[in-house]
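Provided herewith is a single structure, encoded as structure tokens, for subsequent inquiry.
Each chain gets a letter, A, B, C and D, in the order it is written, and its residues are counted from 1.
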Amino acid sequence: MTYRFEAGRIYRMPTHFGPAPGPRQVPDGIAVDPTRSPRRLSVSASFLTDAAALERHLPEGFTLASEPVVTVDVHHMTDIDWLAGRGYTMIWVGWPATFTGRRDRATGKFLAVVWENLADPIITGRDEIGHPKLYAEIAEPRRWNGAQICTAGWMGFRFLDLAVSQLRDAAPAPQAAASDGTLMLKYTPRTGAWGETELCQVTLTPAADPDCHIERRQTGTGTVCFHAASWSDLPTLHHVVNALAALPVLEPRGGSITHARGGKTYRDQRVLV
Amino acid sequence: MTYRFEAGRIYRMPTHFGPAPGPRQVPDGIAVDPTRSPRRLSVSASFLTDAAALERHLPEGFTLASEPVVTVDVHHMTDIDWLAGRGYTMIWVGWPATFTGRRDRATGKFLAVVWENLADPIITGRDEIGHPKLYAEIAEPRRWNGAQICTAGWMGFRFLDLAVSQLRDAAPAPQAAASDGTLMLKYTPRTGAWGETELCQVTLTPAADPDCHIERRQTGTGTVCFHAASWSDLPTLHHVVNALAALPVLEPRGGSITHARGGKTYRDQRVLV
Amino acid sequence: MTYRFEAGRIYRMPTHFGPAPGPRQVPDGIAVDPTRSPRRLSVSASFLTDAAALERHLPEGFTLASEPVVTVDVHHMTDIDWLAGRGYTMIWVGWPATFTGRRDRATGKFLAVVWENLADPIITGRDEIGHPKLYAEIAEPRRWNGAQICTAGWMGFRFLDLAVSQLRDAAPAPQAAASDGTLMLKYTPRTGAWGETELCQVTLTPAADPDCHIERRQTGTGTVCFHAASWSDLPTLHHVVNALAALPVLEPRGGSITHARGGKTYRDQRVLV
Amino acid sequence: MTYRFEAGRIYRMPTHFGPAPGPRQVPDGIAVDPTRSPRRLSVSASFLTDAAALERHLPEGFTLASEPVVTVDVHHMTDIDWLAGRGYTMIWVGWPATFTGRRDRATGKFLAVVWENLADPIITGRDEIGHPKLYAEIAEPRRWNGAQICTAGWMGFRFLDLAVSQLRDAAPAPQAAASDGTLMLKYTPRTGAWGETELCQVTLTPAADPDCHIERRQTGTGTVCFHAASWSDLPTLHHVVNALAALPVLEPRGGSITHARGGKTYRDQRVLV
């Protein structure tokens, strides 16, 4: 007897060994506490760039919302329930955009690319959420000489330097009034019919995250530098890194450090049409 | 102006920075030589198990073909063109099966799960081919005391020991006459409608691989041992590893070591219906 | 002109490029703050073992002091000044002992072996202090299901599991009145005259550490398990791990978790005779 | 009863668990074959530099021998007996020098610094041989676009790029007639008396290595580039890397690739006085 998919359970490749454990589905009997897990240190820096250059990296249906400000966030997470207390680090690159679909319209952060230093959440995020996740070696953020310093690379080629310095305590960032959440594009190519699209849909993470509690926030001066690479240095990433390195930094727009605890599982992720 | 997808080019998430470089699409001007790349050391071991136990891990439309023999292959690859000469290692677990669809019928190796120690080919393989790839730490196969020894783990929990000993030179393995190639299931869950399926299709890698040249082949005694894990040890893999560890080893069915050079890019992968 | 050693500066191999930067010698102009660096999370568990078994791992001149209780401490450190804010993790294994030399006598923790997951402090510690440091893969301590969990391995063979559970807040541990500090044996073999000793001396880290500030301490139930290994699994460590695995666990003696900040550089380390 | 050192056996820190396994001492019953182990791929590149600049990195008693040519060798080793078949990679930086001591005189390669990507041989080599070994992340040499490419870094900062291109088959390199072997300086600082020297001796690896068999050798064009670093990037290595980066490259002096099998354990290492 072959197996049948159990109704209402999330599966991922390989599906042959039962429903897939992950952030949105932990085995029965495993206790999770979204008010305490994960712990998160976020280091962010932003810069103003050229609107036309940025629009070239927006998919159809999207327009820039407000100023062309790119924000790079490094989220170092620990105490992750669905990884039995382990952690990993992710880097988000995004800017404000509005999606206008046949039915839906939403404005928020357009999440252009994510890097993570663990393959497991890359797989769950790409498949279930449409997170545009790629792999990078990401150092734990370090504090030295008054600055919080973050770096990322691949096979020894460092493609990102980010730092926030001159830190001073600050109030929690007000969620921008206009934000509906985080916007991204879920995409799967078609097997065999090379160049065709199997799946292409806009997905939204709604802004609300009631279990996330900000413990401390500091603001400061932020710097971001992407290092252009040859194909030989970054054969799977150079097109992404070089596009970001080519964005002019017209003006730094500050940085911040946030310590937080708790957060949602993105079960509220939904498709916009 | 937002970007448009270029016709005939393969994209993967994130799509916003142009067509995605990968095994089936290297940038213009990059020379590849499928008769020389990759170099491959393959270490394989097989065992007879219980047919009913194995069928429980076959999806609908599949039946066991011939004996219920599980084969675990460790492929250590170097000189990979699309990674600019770098390498990685993959582990294949499969057994013989026949797929009978509405239109198509094929018999070959059913590829139940793949582990790799590099995230980049995990992403390309899952998205483009339907390879059921997961991440593992995989040691380079080592030769000691007359045996070739392979291990795999995750975050320090070793879940696989495989060895081939008593090696003797052998003729290249004849491709089993009945094989149409390698069969797998490409699957994507639906975002937001948790538990529903976005994409579920059988894909086939045809058996022919004319550029692959076997340089040396040895056969010997093979042993395979999967180690059962708690959820806390392998929170993303325990269901797969424990299912494989639960398969009874009724009889060892030998092992082999193969040195090869060259091979195809799987552009011939196709969907069966 | 060949170089000369600068007076009063610490050198290590290779000496040919100037004085060696390290925990006890940072370059001029680098600001360090021993009251804030490093941050440290320490997870400790102890067990009573057999006195005669333990004495077999004490060098000449040492005797057990009080009960034969083995303590394993996992120190996860971040914000380390001499590493420009980076961190690493070390594991200490020790038990109480008294050294009686020709001139000196001291009682404290006999530090039998140290594992670290970074080679740089292994080199500085062995050369300058006589720390008996070896390399291991050490996971960041993780919190799950109410326990703090630590593991260590080498090339994928996990040789240590340590956990502290049932945690409750506790007062800072009083430094045991009788302790003079930490005792160890600095040893260098003689090149060419294999089996002879170049250097063998007892060194002491005095107990005082005035800049170390305990921020929080919890006590609980501790468990320690060393896993015996074959030579093939741990060809450089099996003798150490197997000796520790062979110590009978007669009775658990509790565990603790300590969060601390600040500490000394061990410039007060001295040789006992 | 405390333990006694067994006569004629090599010990290293920690000495408390018996004689230390390593390249020059494997446990009884472990079969080794110096005619087959290790397998080695060596990639070398040389350049002419300024004699005065180079002499500043020679210790007392040494003079440059012949031209000031720096050679960087990357040795990728597998099938290492004393590691039960595992492997690692080392980088040697050296130049020709003559040592004139009170009694001894020898000319050969002065081994100025070694980097390795495994801590275990760093420990054995520093303690037993006087190898000036430090840790680095070293990629497996990769072959791409007709060149053999090697890189090394530390915590994501790449400090070395080396490549050999335009390869053509060549005869095995004749051991330079004048070479007595490889020269280095074994050094240990004195604990507590900071800035004083505990041990400083010149050691020699005699040139003969009868079990080493060259299987193939190619020569070509070699390029070497060391990248200068800030202290924050390489807090334990910047003095070494920056000194090498500061050596002028007056003229490239070729490169080579060598495949070899077998070799000695350095039990013939001896002290020169």
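The definition used in the following text is that a contact is a pair of C-beta atoms (placed from the backbone, for glycine too) under 8 Å apart; a residue touches a chain by one contact, two chains touch by 3 or more.
If you're wondering where the values come from, they're calculated on a predicted model, not measured in any experiment.
Here A-C and C-D are compared, and the pair linked by more C-beta contacts is C-D. Both copies, chain A and chain B, contribute mostly matching positions to the interface they share, with over half of the numbers common to the two.
Among the other chains, the CA centroid farthest from that of chain B is the one of C. Centre to centre, using the average C-alpha position, chain A and chain C are separated by 38 Å. Measuring from the averaged C-alpha position of chain C to that of chain D gives a distance of 29 Å.
Residue positions of chain A with contacts to 2 or more other chains are 84, 86, 139, 144-145, 149, 155, 232.
Within the complex formed with chain D, the chain B residues making contact are 31, 78-79, 81, 84-87, 139-140, 142-145, 149. Only residues 1-5, 7-22, 24-27, 30, 52, 55-63, 82-84, 86, 112-113, 118-120, 122-124, 126-135, 155, 185-189, 191-192, 194-195, 197-201, 203, 231-233, 235-236, 238-240, 243, 267, 269-271 of chain C touch chain D when the two sit together in their complex.
Within the complex formed with chain D, the chain A residues making contact are 137, 139, 144-145, 149, 151-153, 155-158, 232.
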